[in-house]
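Here come two complexes built around chain A, the first alongside chain B, the second alongside chain C.
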Partner chain A sequence: MPTPDVTPIIPELILMVAACLVLVVEPFLKLDKTAVVAIALTGLLAYGAAAFALLGQDMAGFNDMVVINDYAIFFKVLFAAAGVMTVLMSPRYLEAHDRHLGEYYALLLFAILGMSVLAAARDLMAFYVGLELMAVSSYLLAGFFRYQLRSNEAALKYFLTGSFASAITLYGISMVYGFTGATNYAVVGTALAGGENTLAVAFATALVFAGLGFKVSVAPFHMWTPDVYEGAPTPIAGFFSVGPKAAGFAAILMMFLAVFEASVDTWTVIFIAFSIFTMLVGNLFALVQRNVKRMLAYSSIAHVGYLLAGMGALGRSGDLLAGEAILLYLAAYTFMNMGAFGVLVYLKTQQPVTFDYTLDDMAGLARRSPWAAILMSLFMFSLTGIPGTAGFIGKFYLFNAVVRADLVWLAAIAVIFSAVSAYYYLRVMIYMFFRESEEEFVVGESISGPLAASLGLAAAGVLFIGLVPARLVDASVGAFQNFLGL
Partner chain B sequence: MEFTFAEQLGFRGLTLLTFLPVIGALVMLLFMRGKASAYKATALVTSLATFALSMYLAVVFNTDSAAFQFQENFVWIDSFGINYHMGVDGISMLLVMLTSFLSVIAILGSWNYVKDRELAFFISLLILETGMIGVFTSMDLFLFYVFWEIQLIPMYFVIGIWGGERRVYAAIKFFLYTFAGSVLMLVAILAVVWWHSTDAGVTTFDILTLQEGLSGLPSNWAIWSFLAFFIAFAIKVPMFPFHTWLPDAHVEAPTAGSVILAGVLLKMGAYGMIRFNIGFFPEVAVDAIPYVLILSVIAIVYGAWVSIIQPDMKKLVAYSSVSHMGFVTAGLFVFNLQGVEGSILYMINHGILTGALFQMVGFFYERTHTRLIRDYGGMARPMPVAAAFFSLFVMGSVGLPGLNGFISEFLVLLGVFRYEKVFAVFAALGLIGSAAYLLWMYQRTMFQELTNEKWLALKDINAREILTLAPLAASALFIGIYPAPILRFLEAPSENIIAQVEPFLAQKQSIMELASSFLGGF
Partner chain C sequence: MVEKVLFVVFAALAVGSGVGVITRSNIVHALMLLIFSFVNIAAIYLLTSAFFIAVVQILVYAGAILVLFTFVVMFLNLRQYQSMEQLHPTQKWVALILTPLVLAEFVVVALAATWTAVGGAYDPETVAAGGGNVALLGERLFADALLPFEMASLILLVGMVGAVVLAAKEGHEYMDTRAWSGTDEERTPEFVEQEV
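Moving on to the complex of A and B:
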């Protein structure tokens, strides 16, 4: 038996070694967890670097179960960036909550490992393994503050609903296997294109859509999102809002373009309909939130709505542009949303007791810590889609793709919703800049240390993508074209 | 092609002009925190330098040509045909001068106005200036949209932080109105660019290329895109019935904010109509003439009507802007030389006069802390110099011959009259209205009995304030007596605008007669 070529999974191997190393080293450390953080950080950087070094490779491994190509690498680098930002903003936050434990980082790395497999999978089994690894690690991370009621609630809710979603996905997958007798994407796709069992295939499509839709919080499968974001440790909530979402979309793109290619007309309609509903739910509920974390949760649902519109455009036109735009949007979204959560993390570390993520708690922030307020404004403007920021470039490309799929009306709906969203993003600024804090406030220490690095990375990402988008555009174009080469 | 001095030097005039204010703002932020006199001086010097540069460019500018000048073109996002393309024609050159001029006035005028977070205030004004100049100098749709949206942010903060009592409401209303309009415009931009790229085979956001390339646009596309652009700009102008954000924004904004808002931001709407509604969709623009004229006349009459009963001076001036901007849109859409030239000149004059009126109301407010007309009366006694300046600007706004307002009003009315008499009659009604509300306001505030004795102790405007107003007064007089240098900028581009719509105008003559005879029948 020949030794399998491990090249396609080198980045994942690095990540796994780092995660295990964290678990091994952690018991030998007393209070200072710097070594653990360093290992996690190094592991993530090495993972991203290894992925980057493989750029241009196009090979499959392990009986075509996983591949390494520019598409997978694009996501790996994105996950590495999200992971690095999460790790950097965690230590102070966990110390402030007296829960600075090593397994936190191990779980985070395992979640990223799952996401990474999900993006690289070309086989239903590998896909499911990746999905579950991501999901189980996420449940644990959501409940990491196990002495807090809200964190427990978040974990339980996430676990119960998430298990159902996984089961539903699995049911859809098993049906596909039943029809085709294969698990490889390409084989299954070709077999399904044969055109038998159309109704049953549509059913399987719907099941997989529902399951994955849950993971990326498509309305009406979004109910868990605000509660989980609210209860989970804030860096983790930020991570949830970008990492598993990007991974979910990596899988959705793969699944629906490769496996369910035959039923493209069906799923295009599904995506468009759910896109409108998701934009509606996300934006309307975000309007009434007074808790910034919950507002960001609903806003993340709204952003999923825009991405679904991109999927609809992709299905309708088959235009590469739509896929590229989705990748670009995910990248832009990663930086701006991580940044927004990062500012919340900073505020919480400043006032661990009194700060409860409400708008009122943010009143007068511009005086207390002007830099935090300025950074938060940058991220809010980016989420709104103001030019000069990553959010605008993302929306510009995405809506452009939607328009070019002859769905001008859908683009019009999407931009009207983003005008609505301006209200709740601006409201954060109203509190920070236009209102004064009611209580006497302490001028907090300035943003420093790893947290500053994390926020700096997010802000740099937002501005870089916003002002010089050409590089990232090229990257996403390359990644997506490569992906279609399958 | 003849190269100007600036081009020979390799001196990127427009880029420098656009970003000079931001550079000044950065210097202030990095090196002058906490040093009030230093950063104020820097803000003033920066805005003066920007103004000087714009004057220099205007002198070098070749007024005989309708072509865009001082062009700079660099690739920005290659795969999408997005370029960093700058250039100005006569219209945008004038508006750039107006912008840099009023920015100096606004900065000088709010020297002592703001007490809280002063540095941030001046930085916001400078960033705003960059955004506004950028809107007028962009020749790429994408770039235009970027500047169009970016200038919202500093204005939002200017109203929201340094505004009056209901500032938060006014700021968010201002932002959401404009933003909602402009996102629809974004969809229209994407749609026409897409159509052009399928038609011509290249994706480009270049405004001039699109102006030529969109001539074959199917009519339903053209109508929808025209509407999306038009609503975005009509909100900004603001045209009736999209004007409701304006009084709130004006009343709550600090003086400098009002000056800039009335002086420049409103013009961005009319400018957009010229560039895009007429430039991209001349055929639809011709079809839209009756509707635009009706809306303009409603704005003229309604704005004047509402102004008469305003108890608040600032609100009165704000509503008068609605009325006056009606003249701008009316003159623009009659598509004859008098109308178009008059309309653009009207924008400049309105910027000068209304900017001055807001500035003066601000000066009064700083002394009395009230803007209600009934609290005033007899102010000419303690403040004769202020009253003299005020009378000049009021008379200019009313349209007294010899001052700048008259020239543009006359040209617009002439143009509208030549197009269709009935609209001219209604527009003239607005003229009478403006005489009524402005003179009545002047009489009640400056003359009459001095009802409030404590106003006797008020100081007249000081040297700095005179320095703020004098340039405005001088330019009002200059344009009023000798408008030729300004009109020279407008001739070539106005003829260009008319040439764009001419073929459709001739073809649609019968339909228009139909529409206007329908109106004339009343």
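Moving on to the complex of A and C:
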């Protein structure tokens, strides 16, 4: 039996070694977990660097199950950035909750490994195991604070609904396998294009859409999102809002362009309809939240709605622009949302007892901690889509692509909802700058170095993408064109 | 001839213990009979040369799943329900209608379907030449599907790590400092155990 060529999975292997090292080193440590954090961080950086070094490669491995190309590398680098920010945010936060265990970092690395395989998969089997690895690690991370009822609730809800969604996806996949007898994306795509079972294929498409839609929290499959974000440790909630979403969209793009190419008319309509509903639900529910973490959860649903509009445009026009805009948006979204959750992590570490993520807890922040207030404002501006920030660039390219696909009305709806979203994002700023805190506030301790680095990275990302978008635009154009040359 | 006799013996044992599963009122006895039934079904798989499925049947069903059942039953202490005839009496009437319907459906499908073998790459001759179905399956699994196989092992590893994270006892340095965590301040492991 020939030895398989491992080049396509070198970054993943690095990640796996780092995760296992974390598990091996952890039992030898007492309260000081610096070594574990260092290993996790080094592993993530090496993973990103290895992916970056492979840029320009285009090869498949393991019986054509995974590929390494610019598309996969784009997502790997994105996951590495999200992972680094999460790891940097975590140590002080977990110490404040008396639950600083090495397993946390190992699970995080395994989740990223699953996401990475998901984005690189070219085969339904590899796709599914990647999805499951990501999901199982995520359930555990959501329930990491096992003494807190909210964390238990988050884990249980995420686990039950998530396994149900996985099973639905699997059912759709099994139908596809039944029609075609193959699991390779390209082979399945060709076979489905030549086949007849149109109604059955449409059914399978809908099943896979529902399963993946759950993972990226498309309304009406979004019910778990606010509860899970609220109960999960805050760095993990931030990670959930960007990592699995980006991975989910990487898989959605590939699934629907390569596998379900034949039923493009069906899924375009599905995506457009769900896009409108998701934007509506996300934005309306975000308006009434007084808990900032829940507000960010609903806002993340709204952002998924915009991305779905991009998918609809892609299906309708087949224009490269839409796919590139989705990648760009995901990158911009990663930095701004991680940043917003990072500020919450900082505030919670400062006042572990009293801070409960409500708007009232944010009152008077500008006076107590001006830097935190300024950074939070930057991320809120970016999430709203104010020019000069990453959020604006993302929305600009995405809505532009929607208009180009002759869906002016859909772009108009998206812009209107963006304007609505300004209300709940800017309300956070009003509380921070113009309301006085009701209780006396004592500054606990200055910000920890890693957390500051994490927030700095997020802010730099937001400003860099916002002010000099050319580099990222080039990267996403290259990545997406390369993806279509499958 | 020998095979036929063996088949009848194993099938009778499987069905007999299956009937026992649903008639025993002691749930532990029922579980033991279920394991026995599974083992007999595994023997029938062996008779049809489906060695791999036979092994999986014993490992997964008779081994893992039934052990899990037994543990759950023993933890939950179901003895108190033994005396009760039936928890939901109305179910009986629904079952009376639904069961014959399902049976009729099975019979109709079994009679109407035409059974044809699907011609694939593996007919009995090639399987025999390749060294039996276990060997062929192993080759496919470790050559063509190597990546998903290894990924599955990672998923299992994550499951084990998760069990430790969620269930392991913590050192005492963590215990006393949890007072601030709001409503759940008394939920130490001991407290939870008492509750259960």
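Criterion: the second predicted complex is superposed on the first by the 480 of 486 C-alpha atoms of A that agree within 3 Å, B and C clash if a C-alpha of one lies under 4 Å from a C-alpha of the other, contacts with A are read in each partner's own complex, and residues count from 1 in each chain.
Basically, a contact is a pair of C-beta atoms (placed from the backbone, for glycine too) under 8 Å apart; a residue touches a chain by one contact, two chains touch by 3 or more.
Note that the structure is a prediction, hence the values are computed from the model and not measured.
Engineer: Superpose on chain A as described above, then tell me if chain B and chain C fit or clash.
Structural biologist: Because the two structures are overlaid on the shared chain, the partners are seen to fit without clashing.
Engineer: I'd like to know which partner A:403 touches here: chain B for first, chain C for second, both or neither.
Structural biologist: After superposing on A, A:403 lies in contact with chain B but is clear of chain C.
Engineer: A:340 contacts which: chain B (first), chain C (second), both, neither?
Structural biologist: Touch partners of A:340: none, neither chain B nor chain C.
Engineer: Between chain B and chain C, whom does A:388 touch in the aligned arrangement: first, second, both, or neither?
Structural biologist: first
Engineer: Report for A:415: first if it touches chain B alone, second if chain C alone, otherwise both or neither.
Structural biologist: first
Engineer: Answer with first, second, both or neither: which of chain B and chain C does A:125 touch in the superposed model?
Structural biologist: second
Engineer: Is A:473 in contact with chain B, with chain C, with both, or with neither (first, second, both, neither)?
Structural biologist: Only chain B; A:473 stays clear of chain C.
Engineer: Using the touch criterion from the header, give the chain among chain B and chain C with more contacted residues in chain A.
Structural biologist: In the superposed model, C touches more residues of chain A.
Engineer: A:307 contacts which: chain B (first), chain C (second), both, neither?
Structural biologist: Touch status of A:307: no partner.
Engineer: Rounded to the nearest Å, state the minimum C-alpha distance from chain B to chain C in the superposed three-chain model.
Structural biologist: Minimum over all C-alpha pairs: 33 Å.
Engineer: Where on chain B is chain A touching in the complex?
Structural biologist: My answer: residues 76-80, 142, 145-147, 149-150, 152-153, 156-157, 160-161, 167-168, 171-172, 175-176, 179-180, 183-184, 186-187, 190-191, 193-194, 224.
Engineer: Mind listing the chain A positions that touch chain C in their complex?
Structural biologist: 1, 4, 9, 16, 23, 31, 62-63, 65-66, 97-99, 101, 103-104, 106-107, 110, 113-114, 117, 123, 125-126, 128-130, 132-133, 136-137, 139-140, 143-144, 146-149, 352-353
Engineer: Applying the document's contact rule, which stretches of chain C touch chain A when the two form their complex?
Structural biologist: Going by the criterion above, the answer is residues 139, 142-148, 151-152, 154-155, 157-159, 161-162, 164-166, 173-174, 177-178, 180-184, 187-188.
Engineer: Going by the contact rule set out above, which residues of chain A touch chain B in the complex?
Structural biologist: That would be residues 381, 384-388, 392, 396, 399-400, 403-404, 408, 411-412, 415-416, 418-419, 422-423, 426-427, 429-430, 433-435, 469-470, 473-474, 477 of chain A.
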